[in-house]
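First up is the structure itself, then whatever we jot down about it.
Chain IDs A, B, C, D and E follow the sequence of writing; residue 1 opens each chain.
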Amino acid sequence: EPTAEVLHYWTSGGEAKSVAVLQKEFADKGGSWTDMPVAGGGGDAAMTALRARVLSGNAPTAVQLKGPAIQEWYEEGVLADITDVAEANNWEAVLPASIAGHMKCEGTWCAAPVNVHRVDWIWANAEVLSANGIEMPTTWDAFNAAAEKLQEAGIIPLAHGGQAWQDATIFEAVALGILGPEGYRKAFVELDKETLTSDAMIAVFDQMRIMRGFVDSNFSGRDWNLATSMVMNGEAAFQIMGDWAKGEFMAAGKVPGEDFLCASTPGEGFLYNVDSFAMFDVDGEDKKAGQQLLAELVVGQNFQKVFNLNKGSIPARTDVTLDEFDSCAHLSSEDMKASSEGGSLLPSYAHGMALRGAQAGAITDVVTAHFNSDMSSTDAVQMLADGIANSM
Amino acid sequence: MAPILEINNLYKSYGSIEILKDINVSIEQGDFLVLVGPSGCGKSTLLNCIAGLEPISGGEVHIGGRDMTNVSPKDRDIAMVFQSYALYPTMTVAKNITFGMKVRGVDQATQEKKLAYVAQQLQIEQLLNRKPGHLSGGQRQRVAMGRALVRDPKLFLFDEPLSNLDAKLRVEMRTEIKSLHQRLGASMVYVTHDQIEAMTLATKIVVMKGGIIQQIGTPAEIYNHPANLFVADFMGSPAMNLIPAKARSDSAGTRIEIARKSGGPMVLTDRKNLSLPEDVIIGVRPENIADANAQSGSDSQEADCVIDIVEPAGADTYAVMELGGKHVTARLHAETTASPGVMQRLAFDLGKVSYFAPDTGLRLN
Amino acid sequence: MVGAGQIRDNQMIKWLEENTPKLVLAPSFIAVLIFVYGFIAWTAWVSLTRSRLLPKYEIEGFIQYERLFASPRWETAFGNLFVFGILFIVIAMVLGLALAILLDQNIRTEGAIRTIYLYPMALSMIVTGTAWKWILNPGLGLEAMVRGWGFEDFTFDWLVDPDRAIYTIVLAAIWQSSGFVMALFLAGLRSVDGEIIKAAQVDGIPTWRVYTAIIIPAMAPIFLSAFIVLSHLAVKSFDLVIALTGGGPGYATDLPATYMYAMAFSRGDIGQAASSAMIMMLVVFSIVVPYLYSELRSKDG
Amino acid sequence: MVELSMTQAQAPADRQTGKIVLRWVLYIVLVLFALFYLLPLFVMLTTSLKSLEEIRTGDLIALPREVTFAAWRTAWSEACTGIQCEGVRPFFWNSVLIALPAVAISTLLGAMNGYVVAQWSFRGANLFFSLMLFGCFIPFQVVLLPMARVLGLMGMAGTIPGLIFVHVIYGLGFTTLFFRNYYVSIPSELTKAAKVDGAGFFRIFWSIFLPLSLPIIVVTVIWQFTQIWNDFLFGVSFSQAGTQPVTVALNNIVNSTTGIKAYNVDMAAAIIAGLPTLLVYVIAGKYFVRGLTAGSVKG
Amino acid sequence: MAPILEINNLYKSYGSIEILKDINVSIEQGDFLVLVGPSGCGKSTLLNCIAGLEPISGGEVHIGGRDMTNVSPKDRDIAMVFQSYALYPTMTVAKNITFGMKVRGVDQATQEKKLAYVAQQLQIEQLLNRKPGHLSGGQRQRVAMGRALVRDPKLFLFDEPLSNLDAKLRVEMRTEIKSLHQRLGASMVYVTHDQIEAMTLATKIVVMKGGIIQQIGTPAEIYNHPANLFVADFMGSPAMNLIPAKARSDSAGTRIEIARKSGGPMVLTDRKNLSLPEDVIIGVRPENIADANAQSGSDSQEADCVIDIVEPAGADTYAVMELGGKHVTARLHAETTASPGVMQRLAFDLGKVSYFAPDTGLRLN
């Protein structure tokens, strides 16, 4: 009998329902699922637990892991190989290449992707925009102009929660817009020193400084969903946040396209945040069988659809029908395909897809320090370079 | 002048147990009141009530003419030596003693002078820098004394302040307290179990029993004219002999017949004009029964008794015999010829006897 | 005649009896040696390596300490430790003692009030932090409320002010733990011999002097307890920061504990975390040891 | 017992009024502090009684327009903590199983340690005590990984006994501290008297010292219970499915980053999770008694 | 038989202060050893050392023939009454008393029997369910006594066990202790400040001063033949009069000249064969200076003295005069004719005087 103890951090109502689908499928196939949910800090707590479990020789069978962390764990020699499943189910063909890349460790498959969150979304209150005669901005200049206009009208242009990861979310959207996909890749995937200290990077920080002016004075420490509420209530016009924000709008009964608008942040490209499951090396045939089954189901059509409908993200597979999805999801999916082909499908650094923790953290430190002080852009760039060097 | 301390109808209960019942005491400025009574009779409780340390259940306490019933202890202007010492454990001896003065803002020089004086009186000069935990029992008690003696309050309350001192020191301290009393005209309430202390210090003695005052009087009154059997029995050591007897009055006086273990009753004749009931208890102190040849009182009457026990005690020898079914103690001379089982002629000083009613216990003469 | 075995048994029993106190301490002693000092040694070792996701054991020298002191974030966190620690310990101690004394005045509703003062400890900061965040947020909480009453100029925006946000952490920390300090002191107060207090009253000592000169000195050991507990809380405050400010604005309210956690678990930089832990313990050591020394020595004298 | 004021009566009027005023001031101060402490609870309570709708649109710290207990029900038995949506209820038992033994064992051990250090001191006892104290400061973040290893080696990884073990170990410093510092001020004559009475080490501890320790037991239990009940780091790291304590559940309800935030449920869950601790405070509080050592020695 | 308690060369220091110096004491089974000495001289410390409650700095303690120097208190089979009571505050009186028996596994019935007996002796029956905090000082002390009395140990140690009791109760308790001693043949070490207690109870008295033993002997030896000035001065209340005098021996005996305030020296002749240095201190107890007509001793010598103070004290009257530059007290009869400032003829009992060397303080006769 296949068994699986699954360590994940999907615990909110919507997420839990989504995972429950997986559990049901797993059970239908004769598997027994032990749930080990640990939320908190965007998975930090789960990672803490994971480390303890691994060190105590009691690793869970499957773990929600993402980005370079998969490779890091692989390097520690604790991951299982699921190439068999991947090949049997032809993952290579149904997954976008850059996403597939995250799932492989030195050529073998070591993780199974669940979904794709787009991070570089800009959300807007439709009513506020139309009342002020503003279109969804497509360039940062346009955004700035719109924001100034809104500010004059007494509306907070940008709803923002001053937490480091939210600062980083805006920052990477701005960076993608200003540096372009190639520059972004160089800077935040390859950590190219030249790009990191380039004038363009200074411009990114300049834009951040401008954005800071569009934020109300009480943003510090605010939860992202309260910022979303501000947009919903018409207190604020825009929010830059991943597509989970959509869930808040929907939960409040808002309709995409009517009450609120979604668009990619100004500029080309697509920043993704892919959730995936990695399988850990465990003893016992039942567990191994569980891993295989789980991997298969996770990437299966049905789970990918149901899960993402609930979660607000889009399937990692490109061959899932999106009939039941909303307009924003459609937009996301189309953009993903396009940018996948155009080579601008990029990992989100702010959500741990692009870099290892130490480096991503070093960048975030600078971003948030800059955003919350009157640090100059050149200083920020200098600190960025130093911080990354120090983090190696 | 108003009495320095006046207690009216004071009652005190702990929970449902009534500890003090209808206490009325009043002392004048300069009085030295000694409280005596068996252990547990409420002496310390009374002091606590005077000090305001225990809420009282009824009655009033006036100090220096002011109603202090609801005034907090710190405003009553009293100094107290606790039976359990209650030294401040974190302070040195010197600080324990001077702390009260310091708080009152007494200047440094005066503090030191008083400390030095008291320390010398109490013979604790070399202990001034110790903490109470490092002192012997008697030393602690002296520190507790010192704490009170440096003060200059309206009223001193002493709760068995000398119980843990050796005899020599106790005599010295007694003298010191007496001189304090006389020098400053200080008013004192003093609890002691030591009868000599009570006798030599008091201007007034209060005898208590079970929370009730039995007698208030000068030491001589208490000693020579105890108001009831309890007081008679309680005061004096060894205690007064209380012997059941039959009284028969006639013209010559009153014949007192006391049963003896063997032989007919012993008969003494009191020539004073008394009207006694038939059954009486006659109280006679051991020192009023002496060797026939030594007794020099005028009202002496001699009789023969068989001595049961002879107990030499330094300066005196105590002889115990059985009279009226009781052990009766006589204080004989150290060189007495008395010896156990032998008949001895003794002299009873009838000028000093007390008569009590066996039923009520009250004094009859 | 007693057998040799019995003599051995007797000696055994005697030995056991004589050494009972030591034997009682032994398990704790061993546990502490292994699980505290062993682990400190382990941490020291790891701090000399380049451990990332999981610990590694090849010594690389003091590289992690160099990195640590090159990090501006650590600088902030380290500085905050002192601001936060000193304010928190002093205020919580004073407040806890004051409340304990007030509560010791024969308050009829003592039980209820004591529970109210204590309850903040009961609630997990994970959520309570949110409530505080709202209360302290100028737009939602106190400031808005007071302005709503008509005091338009009232400002209380420490939470969002990078220079002042640390004080809101102090505030919340005091809110959370002063009740416990109060309980600790209350227990201390209750153990002081009543006779001594009576003696002081008769001595004419005003109530406040009774406390300052007699009761409080008698509670010196309890102060040690309170101090250690508060220092522990100050050094380890983690939930509080995460819940209230998340270290923000920026990383203005970072503390060594949050820094360490971030390094160890969010960033997979265990070597760095270990080095920060070592520095933290060094600081604690240099503060606690002298206090401990004076405290314990005075007890022996 | 110290009282700021004695019983009320008629005598010197100004003094009496002074005392009454003082008494009032005292109560006002106490109440003001109570308000300060209650403020966040007030916010949490009101929030927990609002509907999510009202939270989204309304003033966060205002009174609820319409009171609903739905959030409480949800928090207790419906909220999702993973695929399981049974609220915090199922996790309570785990926490109880962890907290009760851990509190009991660490308190008892701490009491014994404190008793030895304070009353049976021997050469090195103070060193032991200092080592113990310093142990209070070891950051839990750094012990996590080696501890995980040790638990694994001992076969206690992911088990409740494992968690109890960890909590006992890291609670010992505090419990020892509390007891030692309480016991140093108990007159050593009591130990002496009991020794003469023929009582041994344990007998004296059990019959004489434990009954004297009520207030400090209360403090220790409050501290330990709170620390253990509210512990998240150890709970999450050293548990596995089925042994997770309530804080992990609470965290799972509250802390999902990308899910919808239901503040009312969060708040209700937090209050529910805190109830056992509150209960301990109320029950234990009764034993904050005075005068336990009264009458024992004179000096 | 081996002595029940033997202390050899015992030393005890607290830090650098030496409290006990070279203590050597040995008592036989059934002995009643009373320790006396000024407050702070180390009596309690010695008891603590015997009980094993304080580590000793040197020497040995043998109990019942066994070296107990390193044996823990609970195995020494002793019972002790602490000067500070040391009651178990959380236990009721009954439990306080039975605790020791319970620990030793005495069966319930015996416990209750002994408790009932002792409670009755100590008159604390109605207090058995109280906690020590709710007792009076004397009641606490009795509980402390009770705790020892229910035991049946090799050795009893009593540290001023009766200091807080009233005279009557104290006498009763004294009797009780004495009967315990005689009935059970129990061995006791007893600290007291009460000289009568010491005299009536002891089979052997140890007088200490500053941690050094001054004299060991029977009560009579100590009282009548003090080994040095300190013992002479310390024992007896009021104290022995120690009067500087000149001694001149001739065939008739020794002429003792004592300076008077006015007039020529007072001359007494001791007919015993003595060889005294010229300067001596003559020690004479107050009761050995009596009214000339009352003194019945054979070695009496009469002389005239001017009385300074007259202090009546119940059975006796004390008269104080100045002789040899010292205040000298005489115990006169209660009905004495002595009055202040008046010349009085007094009888000195030279059969009972002691002579001391002024420099060493040692006894000369």
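Throughout what follows, contacts are C-beta pairs under 8 Å (C-beta built on N, C-alpha and C of every residue); 3 or more make two chains touch, one makes a residue touch a chain.
Fair warning: this is a prediction, and the values are worked out from it, not measured in the lab.
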Number of steps on the shortest touching-chain route linking chain A and chain C: 1
Longest centre-to-centre distance from chain B, chain (CA-based): A
Interface with the most contact pairs, given as the two chains involved: C-D
Chain at maximum distance from chain E, centres defined as averaged CA atoms: A
Relative orientation of copies chain B and chain E, as a Cα rotation angle in degrees, nearest 5: 180
Whole-Å separation of chain centres (CA-atom averages), chain B against chain C: 58
Approximate Å spacing (C-alpha centroids) for the pair chain A, chain B: 93
Centre-of-Cα separation between chain E and chain B, whole angstrom: 22
For chain B paired with chain D, centre-to-centre distance based on mean C-alpha positions, whole Å: 55
Multi-partner residues of chain C (each touching 2 or more other chains): 17, 54, 130, 140, 193, 195, 201, 207, 218, 264-265
Chain B, residues touching no fewer than two other chains: 52, 72, 83-84, 87, 89, 137
Chain A residues counted as touching two or more neighbouring chains: 41, 45, 48, 51, 55, 223
Touch list for chain C against partner chain D, complex: 17, 20-22, 24-25, 27-29, 31-40, 42-43, 54-55, 99, 102-107, 111, 113-124, 126-128, 130-132, 134-135, 140-141, 145, 175, 179-180, 183-184, 186-188, 190-191, 193-195, 197, 201, 207, 210-211, 215, 218, 221-222, 224-225, 228-229, 231-232, 235-236, 238-239, 257, 260-261, 264-265, 270, 273-274, 277, 280-281, 284-285, 288-289, 292, 296, 299-300
Residues of chain B defined as touching chain E within the complex: 14, 36-40, 42-45, 83-84, 134-139, 141-142, 159-160, 163-171, 193-196, 199-200, 223, 233-234, 236-239, 285-287, 293-294, 296-297, 311, 313-316, 331, 333-335
Chain C residues touching chain B - in the complex, by the definition given at the top: 193, 195-196, 198-207, 209, 213-214, 217-218, 220
Chain C-touching residues of chain B, taken from the complex the two chains share: 48, 51-53, 72-80, 82, 84, 86-91, 99-100, 103-104, 147, 151, 157
Chain C residues within the chain A interface of the complex: 52-54, 67, 70-73, 130, 133, 137-140, 157, 159-160, 162, 165, 242, 244-252, 262, 264-269, 272
